[in-house]
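Labels for the chains are A, B, C and D, by order of writing; each one numbers its residues from 1.
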């Protein structure tokens, strides 16, 4: 069997680095091209010393070359820029797996509201599939443009969607409080992300209108079978490298019991290779999922307030970005879904 | 002026250590007695090397000696045990400032429900004042038994009470998501608190029925003028030494505006020496309050869900325990309230 | 090809956990037995939630069963105890790969001096091979008892031995200053290793007579072709989970130049899959080797003092313990040496 | 008594922030002026939220105004720039306490070798006193220009000088291995100091020719009564906010015993308010000195190599910079030396 030939467009950030790490270990995929304008011509080891010994050089992005040599291109680019590459790549027959925000949000007005710019390729939106395998596996298997979810949305949708879909929780009253490690901010050279500014610091940011909110609302509305939901989502920056922990507060629907919740999770995830629903009484912990593609989910029913508290833990760079992208590639190209991810 | 003579009963934990640190720097207080059964006879520097040079030895707790030599006794003991000392000390004329849970909860049934034991001194409860100066300053000034709030309650009540008192938020729908540093667990030798088990780990714990919940509910009910409220409170353990960040989600009452919220905070805290309400758009950050007695508060109004999001940051060992206890002592003994705390 | 059948004796510590992680991913090895007296009967996920989904249970150690079912047994036990298992296992035909200290030190008097007990199986010492592939690959390929080096020795010997062997540095004047993450202390429930006692703390420990010292001295004497060397080795505990960085100060021999040093490292390691010698001017960094089996080495010649400063970085649990053990297994059983380790 | 009127020139870095913190608490000093070109006109709370409530604004530096209003100016500026301010300030009668490197090194050729520029004010060097009170207290009391030591030199000289001065250790063979927290790099927005680049990372840097080396060599030569010494000094960057731990390896002189070492330290430091020499067997730990002006020193004699191993711990921003500067101010202006520092 010939290996899938892959390119990473924009490989010099933390998600790009994680994609490189995963693809270099992948049994059925060959990483052919890694691009970076800034590092054009540099050996990968100059940017990421951990990859010394691998024969890979950064080059400037070149759609024609990617189309000629690759089956799949991962786009680890800023939003806006990703769409510029996605369109010609897809048109040239390359499967594009985008880990930017460009094709996640179906509503272009929402995109503009949150990203402060017109959508760069609205004609491509209809072709884009939301790259969350646990919700859209069949569509991913057929897609030429896969829009991988954001890290917070992955951590929010996985524990919440099954309860909304099963009508065990009310969609009107959803509150999500998340904590993220600092790689979530990207490899951005900014005072706020210096070690002494983050270490021994706990702080919320963007408590309203975080850019991941419309994506969470879109997907949870879909799960609930409603046109729209309005959600509170507050992210916090905490001093770890990797990991997101999201705690979700849901008002129970009439008739909801702990057994029904357990059953809903079992139905949704018993067969999923990368979702681990914990036994009652245990709590999801990022340290058990770091450097893996797993999402841990824990849950409790609080009788005295009538709320379910669900908690999830993922690695923001793996299940929250690059691992999920590889999972999507596996699905799309007929690999075993766990290839390169265990 | 003669200095206040002080004892710390149970001085070998993190709160005890912080009390020692604060009292040794206090201009109007002399730390005479520090007790610890475990370390009886040891010089303080053997347990806490930072206090080398101070002439203090641990002794076994001795109520008679404390009563003879001291004006005030800080109780930094496990719940249950604190009450055993509080009673004879108060009866002997010593002001007891308790940082355990024993006298925080007025309802003995709630105490039993959450602490799994009968209240050890119910007859003392009526004399106990809740040691949150921003809410009970006048009572503290007269009290002989001061029950200092827990760390999570301090971080929860300060940002929430003014909005409930001003009828700007609904008491029926309060959700609190908190993060705490590991000193919050005490100096407890337990696998769960080893460095490699906490570092690079984000996890919720006790998502229902945390022991600080009844205290939060009691005080927020009082602020709202209601007999009872039911609240969701979920604490998370995160890898910092000190600090609590609490994010509180409140449903706005009809007529609530951002200006009214601002005014309510201003009325409550403009004159408070240890509460810092941030300008809109800024977020409370534990790194700005660590090793201080300050509580930072930030807030946002989310129009699309009709919720206020208030966030607080405190040092769990200072404003969340020992600093607040010293603030109470200052009030009770007529010192300047900030003595020893700047 | 049938897979190597493996047991881990004493699998409940951090090294045991790392062995489980590596063997579960290994293409040519099947992990059959994991033992722990404390956790006898428990599913592995109860102790290590990350391994949920794998069908493995702890059992009490049983030499007969291991001999009947396994080709290789990894001993992740305290010193003293390891020898008790090594002897019957080897005699029953099982290859024993010991990551304790029991068979590292050839001199039983030294063992007694540093471990305060008579050697538990002196008759086995002659059969034991020191499990550092870069120095003893051929012997490992034949050995039935492999004594994997300690973490500090691995980080010390790899950068130092080639310079001593090439007579570029003097064996009389070797100083090693190391830093280790807290997993290096094992999964030991002790006040000194609580998160708040380690976080924001930098401290030396055991500055003389650390238990890894005789092992370093033995191997560096061998490299230098001398009966004995006396070395200063000072370890420091620093707040990371994984990783050792060792800085080694060596007095240059007459005629030593930077080029000769570079050549010596090239000769020693150019063909090694797990040693990465950095270009001059770069410094070894644990973050580039964590969760890998790689040892990074950097070096500088300080003309004004006549010393070489060599620095190494390893993951203490991987190249410093369990990864190296798997590397030894690969060599011993004729696998590709990197199987399961990339 | 009127308070000392103080200015901080260049108050927007970490050392400047620490100076502000210390001076705002100082009983005999009033902080009148804080300068920053970048933040000219901003309230201090906009840059350092922790100082909210203090009525201080950044202004552009103005020598005339400082001379008119202040008795002392702390220079927390980059090297080169500090000298430009020191000269006119001193000439205008202001005591200048410089925490840059400009006046530490007496030899202008060394300055040029290490700082790659001609010394900016060589005529001032003769007036400058090295601001290490434990070595130069009398001179500091008279000085108009005080050159506070670097953080690494403070941590290196204090444990080493007494042994050299007492001829207990040989000056020819001194090796210093240090670890520093990330505030040591300043508040510099650089990829290398991002949280994810520092957290879970241990690395050496500048293993030869670090800029603090000539200062250490100058002062240890002086202690040994020699014209010059050549020393190995290797700093390491480790993931803590504050703190330096230095381990120093010294070859003992003939006749040196542990008792003589103990006596030498006792003679040097028994009366020092900010040096804490630990009992044998204990090890200096940065966590016991963070946020204090204390230097902890521990020591061991290694008979088998004939070396003393001395270890020190300081807070790099306090005893390593701003606290020491305040200590010098106290000495220079006749305050109690510990004012504002306990």
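Keep in mind that, in the parts below, contacts are C-beta pairs under 8 Å (C-beta built on N, C-alpha and C of every residue); 3 or more make two chains touch, one makes a residue touch a chain.
Treat the numbers as computed from the prediction; the structure is a model and nothing was measured.
Enquirer: Fit chain A onto chain B over the CA trace and report the rotation angle, somewhere between 0 and 180 degrees, nearest 5.
Expert: When the C-alpha atoms are superposed, chain A turns by 180 degrees onto chain B.
Enquirer: Is the number of contacting C-beta pairs greater for B-C or for C-D?
Expert: Of the two interfaces, B-C and C-D, more C-beta pairs touch across C-D.
Enquirer: Could you give the separation in Å between the centres of chain C and chain D, each centre being the mean of its C-alpha atoms?
Expert: The computed centroid separation for chain C versus chain D comes out at 39 Å.
Enquirer: Find the geometric centre of each of chain B and chain D from their Cα atoms only, then give the gap between the two centres in Å, rounded to an integer.
Expert: 37
Enquirer: Distance between chain B and chain C based on Cα centroids, please, to the nearest Å.
Expert: Each chain's C-alpha centroid was found; their separation is 46 Å.
Enquirer: Where in chain B do residues touch two or more of the other chains?
Expert: 181, 197, 199-200, 239-241, 285
Enquirer: Please output the residues of chain C touching chain B within their complex, sorted ascending.
Expert: Of all residues in chain C, those touching chain B are 14, 181-183, 187-191, 193-200, 239-241.
Enquirer: Would you pull the chain C residues touching chain D in the complex into a rising list?
Expert: Chain C residues touching chain D: 173, 175, 177, 179, 181, 197, 199-205, 207-208, 230-232, 234, 236, 238-245, 247, 249, 283-287, 290, 298, 300, 302, 304-305, 307, 309, 311, 313.
Enquirer: Okay, in this complex, where on chain B does chain D touch?
Expert: 24-25, 49-50, 52-53, 200, 276, 278, 282, 285, 288-289, 291-292, 294, 296, 342
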